[in-house]
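One structure is given below, encoded as structure tokens.
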Amino acid sequence: MGFLELKNMSRSFGGLRAVDDVSFEVAKHQIKAVIGPNGAGKTTLFNLITGSLVCDSGEARINDVPIQNLPPHRIARRGISRTFQNIKLFSHMTVVENVMVGRHIRSRAGFLPAMLRLPGARREERAIRERSLEILSVMGIAELADQDATSLPFGTQRIVEIARALATEPELLLLDEPAAGLNIYETARVSEMITKIRERGVTVLVIEHDMSLIMNISDEIVVLSSGKKIAEGVPADIQKNEEVIRVYLGEDDA
Amino acid sequence: MAMKKYSPVLALVICVIILQAIASLAGREYYLTQLTMSAYYCLVILGLTVLMGYTGQISLGHAAFFAMGGYTTAVMTTRNLIEMQGSAAVDLAVRLGLTVTEKNAYGVEILHLSPWVSLVTAVCLTAAVAFFIGIPILKLKGHYLAMATLGFGIIIYRIVLGSRIFGEADGISDIPQFALAGGLAVSGDPALRVQNYYIAAVLVVAGVVLLMNLVDSRVGRALRSIHGSEEAANAMGVNVARYKLLVFVLSAVFACIAGVFLTHFNGGVGPSEADVMKSVSYLAIVAVGGMANLWGALVMGILLNYLSLRGYFGSYDEFVFGSILIVIMLFFPNGLLKMENFRWLSDAAARVINSYRARGGEGKDGLS
Amino acid sequence: MSFEQLLQYALSGITNGSIYAIVAIGFNIIYNTTGIINFAQGEFLMLGGMTAISLSSFMPLPLAILAAVVITSFAGALIDFLFIRRLKSPSVLGMVIVTVGLSIVIREIALHIWDEKVRSLPYFTGNEISSINIMGAFISPQVLWVIGVSSVIVVFLGVFFKFTLTGRSMRACASNITAARLCGINARNMVTISFMLSAGIGALAGCVVSPITQTQYDCGTSLAIKGFTVAILGGLGNSTGAVVGGIVIGLLEAFSISVLPLAYKDAVAIAILLIILFVRPSGLLGKKEAAGLKEF
């Protein structure tokens, strides 16, 4: 039994079936990749898992507990964190502050303790900052802590976003095209980072178009096309799968 | 760290004292009256800054919350309970110390509810209204949110203007003073001018410290993250709907408290306090203060309200606030008090210094 | 309630409703080309009415109205040139703030030109006591003018957007601005035209209602919020919806007077606005997606 189980997940926009009856499982400590041509429904699938979108039908379970159609902030508390394809860092906040927001679910001070700076809140605040700085140095961007997050270069913003997601201490991390728009050095760095994250005990589900990256790091691959799952298996099998090849070649032809 | 953080507060306190000293020494203590009023309006503005500047939720209806505070206390404390003495409820209230007995200007004995009671009632009422109206309103975004809050503001204005109990167009006057503790009282009595100035100042300093702490905390970051990206905030586990609602209620309570105090200070309250134009002027001040900038809002709030109350804008008062909105958004979308707006100043200074150095050093070749 | 009374209320509702519909259509025109809700929309009606009142003292009424419409259109164009064009990458918050500021500035300028006095244009035909008997209900001929002019405006706009090149270009900009640009449409000019058009029909509406509702420097706000209510009810950007919505709001408001104090009349429309926003922000006739998409 998988750690994350998706059963017959579907979601349409008007007449368009963006995700169509998709089922698969992700085992604990796995790196699983979701690939597919543009518009295949990969991001929509992520949005369904994280609760950003409600699904029309189907079931999602984490550790055998159903999570479908819970609000996103509740799902985050179940140990699922994510990054976004079109980076969504918080503007007018520094890098470390962005990561500190990731500590939100691991802390509890409310309005009154915060306004009055009660000792408990102060202690917690210090812990949040220390932990966040620690994550930044693990990611190798400690020196950027006090920079304005949204004015950083693109590649760095992606890393900050991963750092922010990791700050929630997720069991499952969803990465939506973490290497998109990065140069080869940055891509290599991200690839290394993902394996390192898995070594720390985090399960990773990653969407990516960079095939060499995918084939390198992933244990298993799911292929989506026009909302449907057309293949699933280990990288070597997927590379040989005729339907996958057709979908990708067909796309190249267009 | 802590020193650095609170040094603006210290500066504020020193300013407050200096202003009072100057006004008193110059024999112009009447200036303090408008400063006191400005300070109360600043409480509304500070709350709105957190809601709008930091959390990104526009409100065109905050005057309504101010008016709720003002009118609640006005209605509750102007009711003479003398004739009702003997009824169980009134007697109980008297026994519990919830009433005040005094003589009014005509020497008539009156018994009215203590402003403490009305303050608590007003805060609870406003918080409840903000809470229940906030649940549906804050689901809206952008234009819709602006229109909905505007609509809410207009409804409150119409109710105030159209109801006998609120004095219709005349408002409510002859509101008794609000005796705090230790002989302090919120009142428009000229003899109490200085102490009232300090009462208002204490409230503002307390307000700004509380909100400063809030903004720089776990909750504050959650609020700012909502401004940045609701979707990402949600994905990080921030209960966006709840935080928006709570900060809406918080800012409404700030407005309400300001309304209660200013009403006792003025001894009256009128429908203009609920006017949409008031809400817009609060918005203008938050914008000119730099949106997500408590200190900017505070400085601008004191300055503009003071000028407005002293009548410096004459019949162009609303025009001034309207123009501020336009000018700020067109030319200083990041706020007037932001450092980058003064870069030309430092650039100019640097140029002057450089050219001076160049001339003093190697003659004319340094000039360009 | 007798049939005549019912009819009386209904006609007064339809009269106000058709004005609200025109204001709503004014909102829609600008919204469709710019995504801006122009909070100064009501001020166009006030400006039109006031200008026509001033001009009518030394020129014939039709000419005064025509001139007022032209002048207000140019005021609309001026607003676009001076302010809207200067908004760089505007946020929704920024657009709200600028147009709110504009509405106040226009109102205050009007206050200084025309003072606080309540004025009105003369009745177009007859006078305040002349009335027409329609199935037992007595109505002023001006009511027919209002309904007639509103219908003409709706038909004119329908034709304009369907059959003229400019109108079609504006629709192209509304549905996909990038594609419209690629087709060689100057989107900037379309925005200017939409401001002129919106201001112009607002001014005309302001003139025809002036004899009935009278004109004052601050009469714009309540018209604007009701127009917005109607625009929302009909679905933002949807002009057919605006007509239906206008009549619905007009009727509800008219009949509310029979149960509620007059002072709460404005509150009724706004309460309806709030209810619609809460229940179905996309409006009764609007697309569901439109409401959620715009973000700060």
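When the chains are written out, they are named A, B and C in that same order, and each has its own residue count from 1.
Please note the rule applied: contacts are C-beta pairs under 8 Å (C-beta built on N, C-alpha and C of every residue); 3 or more make two chains touch, one makes a residue touch a chain.
Just so we're clear, the structure is a prediction, and the values are computed from it rather than from any experiment.
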Other chains in touch with both chain B and chain C: none
Far-end chain from chain C, centres as C-alpha averages: A
Between chain C and chain B, distance of the C-alpha-averaged centres to the nearest whole Å: 34
Centroid distance [mean C-alpha coordinates] between chain B and chain A, Å: 42
Intercentroid distance (Cα basis), chain C paired with chain A, Å: 47
Chain B residues counted as touching two or more neighbouring chains: 227
Residue numbers of chain C (touch at least two other chains): none
Footprint of chain B on chain A - complex, ascending: 50-52, 71-73, 76-77, 81-82, 84, 88-93, 97-98, 100-105, 107-111, 114-117, 121, 124-125, 128, 164-165, 168
Of all residues in chain B, those that touch chain C in their complex: 52, 56, 58, 60, 136-137, 139-144, 146-148, 150-152, 154-155, 158-159, 161-163, 227, 230, 276-277, 280, 283-284, 287, 315-316, 318-319, 321-326, 328-330, 333
Residues on chain C engaged by chain B in the complex (per definition of touch): 37, 39, 83, 86-88, 90, 92-98, 100-105, 107-109, 111-112, 221-222, 225, 228-229, 232, 261, 263-264, 266-267, 270-271, 273-274, 277-278, 281, 291-292, 294-296
Chain A partner contacts - residues on chain B that touch it in the complex: 210-211, 213-214, 217-222, 224-225, 227-229, 231-240, 246, 250, 292
